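Below, each structure is written out as structure tokens.
What follows is a pair of complexes built around subunit A, which joins subunit B in one and subunit C in the other.
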Partner chain A sequence: MFDAFVGGLVVVFQWKSFLYLLIGAGIGFWVGILPGLGGATTLALMMPFIYKMTPQEALPFLLGMHSVVQTTGDITSILFGIPGEATTVATIVDGYPMAKKGEAGRAIGAALMSSLIGAVFGAAFLALSIPIVRPLVLAFGSPEMLMVILLGLTCISSLSGRGRRGLLLGLLSGGIGLLCSLVGQDRQAGILRFTFDELYLWNGLPVIPVLVGLFAIPEIVDLAVRGTAIAGDVPSGKLGKGVMQGVRDTFTHFWLTVRCSLIGSLIGILPGLGGGVAQWMSYAHATQSAKTIKEQEGFGQGDIRGVLGPGAANNSKEGAGLIPTVAFGIPASSGMAILLGAFFLLGLVPGPEMLTKHLTLTFSMVWTIVVANILIVLVSLVFINHIAALTTIRGKLLIPFLLLLTFIGAYTSSNHIGDLIAVLVFGCVGYFMVRFSWPRPPFILGFILGELAETYLYVSTSRYGWDWLYRPKVIIIFLLAVAVAAYPFIQRKKLQKGESSHEI
Partner chain B sequence: MKFNGGAALSAVFAGISLAVVITAASWPFKTALFPVAIGVPVFFMAVTEFFINLFQKGEGVGDAAGFDFKLSDGDADSRTALRRTLSIFGWIFGFFILILLIGFPMAIPIFFVVFYRGYGKENWKISIGLSAVAWASFYGLFIWLLNVPFREGWILSLLD
Partner chain C sequence: MKKNFVVLLVIVCLATVLFSFDRAQAAPYYEGKKIKIVVGFAPGGGYDRMARLLGKHLPKYIPGKPSFIIENMPGASSMITANYVYNIAKPDGLTIGTFNRGLPFAQLTDKKGAKFDMRKFAWIGSSAVEATVLVIRTDLPYKTFDEMLKDKSVKMLGSTGPGDSNGHLLSMLQAFVGLDLKNISYPSSADVMLAVERKELDGRGSSYSSALPFIERGVVRAVLRGRIVEEGIENLPVDEDLVTDPKAKTLLGMRSAPDGFGRPYVAPPGTPENVMNILREAFAKVEKDPELQKDAEKNKMKITYVSADECLKVINFILNQPEDIVNEFKKFVQF
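The block that comes next holds the complex of A and B.
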């Protein structure tokens, strides 16, 4: 096993493999920065290029690209408030307010370093899981998956505001997200729900236009209303100065970064959930790290921990997502499904052979994730001053470019005019939600998890009747979900108690 | 009692959730279960929020605001802020209509020039220069390199 581990590293540094890794990581860098153009789409676009490659060349090329997309996606989210990737939306919540305060450099530094730690953690998780992967993945049937989704939904309580009204607004927002997830053909009976006779809606509302509209439009409107640059009147020279502070922040909150990486890895290993869930669960976890009420209130207004959590989780899930893909041929996400196609093109069959005969190649994937992320983080850190300076460009000059990125980012989702309509509709919804202080993160959780929850509920009930409710793992995860839902209230009480005892 | 924007938003979502429940009532059990199970509580929560807005003293939701982006208080007074908001929404919808009518490749340079001249009050040099940069980046990346199929717009389709 150790030989294969070292052999994997040697494979990555063979000149041809390394060259392809560099090309892939370079493409991934730009794909991450451009909103909407996701890692999965680009993987699909790159497939024709791998026909003549060997597995030792093709995998560094594809994985090198795919594994850095989330890393640079955070940059767009922080600088412009437009999600670079569907999986980097949570970074906006605290990253963009930091950019507005002139702390773009610090936020990007923290996002990059936490992404790197997350990526290394995910790769280590993949490496360590190889011997025990089989029982780990098979332990999760549809009832357990349903409970994990419930666990994700309970994070709404952490993402809501204070008090009963805060919870009401959070639940309302999550409920509306769930309602939006119901659009499309019902998976059980095939009946069309809320499609208004539009073929475009048969597959449901596409995630990217909804997320881009919900987050980009309110931020663009706000920029226009302010009439300044994103960073206001902060001198451009100061923007990049916080980079090292951001890097240091990652180590100040090292265990938070590690815990969020673990959340990302655990979510990443479960097929179907993906980064959309991991980022918000880790963000919710980050908000729970507040030690005082004042600290807690700082989330959403530029708390560095709100950048570190999602940054780490997004990248750690990539390595973990390879586990079911490589070991069983069960793709954990759409990107992994395309990668699975690449495996077959290269003559590789996922399964036991990948853990025995091709173990060196499997470990080379681990190393590819690590090396590609290190390279991209280093390159980004070198150019961070120039990148952060974009926030000092006058708003009036920037707005058309942001609108162009928003519309094209949405349009490339399904190349349909409906994508643009979805951006406008959800842009207006997002604006009014922000205007009247309805939290958007619970909406996204509901929207992403709604369809999965319904599917797994029916699969569980059809397969096991109601007996699945008594499965030990279901009960354990359910109790965990109850604890996660209740924790913000317990924490609040503790913080209030602590503060009142201090005052005395 | 005061009918404000928050109340209007709650009323809209109460109406939508009610419509969801009524529509789902005619579907088979399995199809209707989720829409009804979600729609009913959303309706009651939206109605509750509606009445809270109606009878609350003061503005906004105060501490109840969740972890999310907040619109800038800014230097602009509320009248200017409203005018700018309506104006930028107008530009956003205008860009969409332009794309719909003449397609992305032609809409991009036209929108950029008109926006910079009309909204940004920039000089011709900057307006045309940045429009050219935007169009070249768009064409080079999405059409030339990635071959993304862009629709040509209603007017051009009619002319064909």
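The block that comes next holds the complex of A and C.
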């Protein structure tokens, strides 16, 4: 095993492999920056190039690209409030307010560093889980999946505003998200729900246009109304200075970053959940680290921990996401499904052989994730001052480009006019949500998890009757979910108590 | 002298006309053009990978060597693509489409939103057949379909929802053959396979090609097939042979029929016949291309050209059924 571990590193640093890794990571850099255009689509575009490559060349090429999009996607999210990737939306919540305050450099520094830690953690998770990969993946049956989804939904309590009104708005927002997830053909009986005779809506509302609309459009409108640059009143020259501060922040909150990485990896193994959910669960976890009420209320206004959590989680899920693909030939996400196609092309059969005969190659994938992320983070750190300066460009000049990128990005989702309409509709929804201070994250969680929750509830009940309720793992995860739901209230009580005793 | 000049002029003119006419004929229709393949599924699946593979090798067999671009237009079980190719794309041979082979059922069951007539597409043909098999876990006490029938337990079998033709096979087996089973829908094919791995499911209906990696790894074995056959499953029992009722036989046959054109390719209705012939010929020839075969093998795919006439024959078989059969069929197949 150790031989393979070192052998994998040697493979990555062979000059040809390394060259392809560089090219892949370079492509991934831009894919991440451009909003909407996702890693999965780009993988499909890159496939024709690998026919003549050996696995040692092709895997660094593909994986080098796919494993860095989250890292640079965070940059777009922080700078413009526009999700660079579907998996980097949570970074916006605290990252963009920081950019507005002129702290773009610090936020990006923290996002990059936490991404790096997340990526290394995820890769280590993949490497360490190789001996126990079968029981690890098979431990989660459909009832356990349902409970993990429930756990995800309970994070809404942490993502809502404070106080009774805040909680109510959060729950309503999550409920509307759930309703929106019901649009489309239902999976059991084939009944069309809320499709209004539009074929476009058969498969439900596509995620990317909804996310982009909900988050990008309100920010662009806001920018236009303010009539200034994103970092409006901040004197130029101050922006990039916080970079080292951001990097230091990551180490100040090192254990938070590690815990969020762990959340990302655990969610990453489960098919269908992936980065879309991991980022929000880790964000919710980050908000729980508040030590005073003031700190708690600072989340959403530009707290650095709100950047670190999702920054780490969306990268750490990458290594973990490879586990079911490599070990069983069963992809956990659309990007992995395309990678699986690449495996066949290269003459590799995913399955137990990848953990025995081709172990060196599997470890080279671990190293690819690590090396590609180190490279991209270093390159980004070098250019960060120039990148952060984008926030000082006058809004008037920036808006046309942002709008163009937003719409093109959304259109790549299904190449259909419906994508553009969805952006506009959810742009309006998002605008009013911001206007009347409804929290948007609960909506997203409800939207992403709603359909999965329905399907797995159905699968669990029709497969096991009511017996699934008594499975020990189900009960444990359920209790965990209850704890997660209740924690914000306990935390608040504790903080209030602490503060009043402090005053005395 | 003057007369000579006129004659010369006439000759030159004629020559110019003839020459240009000759050139016009010699310049192939597709020279310098792009052919767009619209795929009814997202990138990464079998339909998409086939289109990308064909796009790479087809130019060799089309005079003028046009380049190919692939555009994914997923949604509504690829009805969006079918509607687009049928109603919007120009019939100039520069846009062709590939979609869900089960689409004839959308038309048969009068699905709202299906704005096409499968018989009126300009058919190029199909680049593969996709046999359906029933696979079960290798660690189960029963090893054949016969033993499976005799086993008393309820079989837990997976599918991916109402549009999944493999799921239709399961409900028909339950109704006509008396197999005691529960048909459970999962979000995707990958989730079904994972459920099989962790023994939540006993098996599933599947296309043979996508089950093959798992059969080779010894996770599952095939025990039954539909009427369409592929290399390696010739000896399996066929679903239609297990029933005696002619109506049941027809329904099972209808379900299997589209497997005969596993990766269908069409052009918009009204595409000129000479252009269609170029495309059909190219698809027929590319099947035998050694480089394509090598690439296909790497992709774990098999290229088999099914002619346009064959495809239409299958479609007519499905769409020309009497009303009582269609009504019965609708009970099992909801597109």
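General observations
Heads up, the rule we're going with is that the second predicted complex is superposed on the first by the 504 of 504 C-alpha atoms of A that agree within 3 Å, B and C clash if a C-alpha of one lies under 4 Å from a C-alpha of the other, contacts with A are read in each partner's own complex, and residues count from 1 in each chain.
Keep in mind that, in the parts below, a contact is a pair of C-beta atoms (placed from the backbone, for glycine too) under 8 Å apart; a residue touches a chain by one contact, two chains touch by 3 or more.
For clarity, every value in this text was computed on a predicted model and none was experimentally measured.
Look at A:Y458: by the touch rule set out above, it reaches both subunit B and subunit C. In the overlay built on the shared chain, the residue A:A189 is in contact with subunit B and with subunit C. After overlaying the two complexes on the shared chain, residue contacts for A:N203 are found with subunit C alone; subunit B is out of touch. When the shared chain is aligned, no partner comes close enough to touch A:D467: not subunit B, not subunit C.
Once the two complexes are laid over each other on the shared chain, residue contacts for A:S334 go to subunit C alone; subunit B is not touched. Legend: residue contacts after superposition of the two complexes on their common chain; A:P400 is shown touching subunit B, with no touch to subunit C.
Between subunit B and subunit C, the partner in contact with more residues of subunit A is B.
Shared-chain residue A:D3: touches no atom of subunit B or subunit C. Touch criterion met: A:N415 reaches subunit B and subunit C at once. Residues 188-189, 415, 458 of subunit A are contacted both by subunit B in one complex and by subunit C in the other. Residue ranges on subunit A touching subunit C, taken from their complex, read 40-41, 43-44, 47-48, 51, 137-138, 140-142, 185, 187-190, 192, 197, 199-200, 202-203, 271-272, 324, 328-332, 334, 337-338, 340-341, 344-347, 349-352, 414-416, 451-452, 455, 458-459, 462-463. Within the complex formed with subunit B, the residues of subunit A that make contact are 34, 37, 45, 81, 92-94, 96-97, 100, 159-163, 165-166, 168-173, 175-176, 178-179, 182, 186, 188-189, 191, 193-194, 215, 217-222, 224-227, 283, 287, 297, 299-301, 306, 396-397, 399-401, 403-404, 407-408, 411-412, 415, 417, 420, 424, 427-428, 432-442, 450, 454, 458.
Partner subunit A is touched in their complex by these residues of subunit C: 42-45, 48-49, 52, 56, 71-77, 79-80, 83, 112-113, 156, 160-163, 182, 184-188, 190-191, 193-195, 197-198, 200-201, 213-214, 216-217, 295, 298-300, 334-335. Within the complex, the subunit B residues that touch subunit A are 5-6, 9-10, 13, 16-17, 20, 23-24, 27-28, 30-31, 34-35, 38-39, 41-42, 45-46, 48-49, 52, 60-61, 63-72, 74-76, 81, 84-85, 87-89, 91-93, 95-96, 99-100, 104, 108, 111-112, 115-116, 119-122, 126, 130, 134, 138, 141-142, 146, 148-151.
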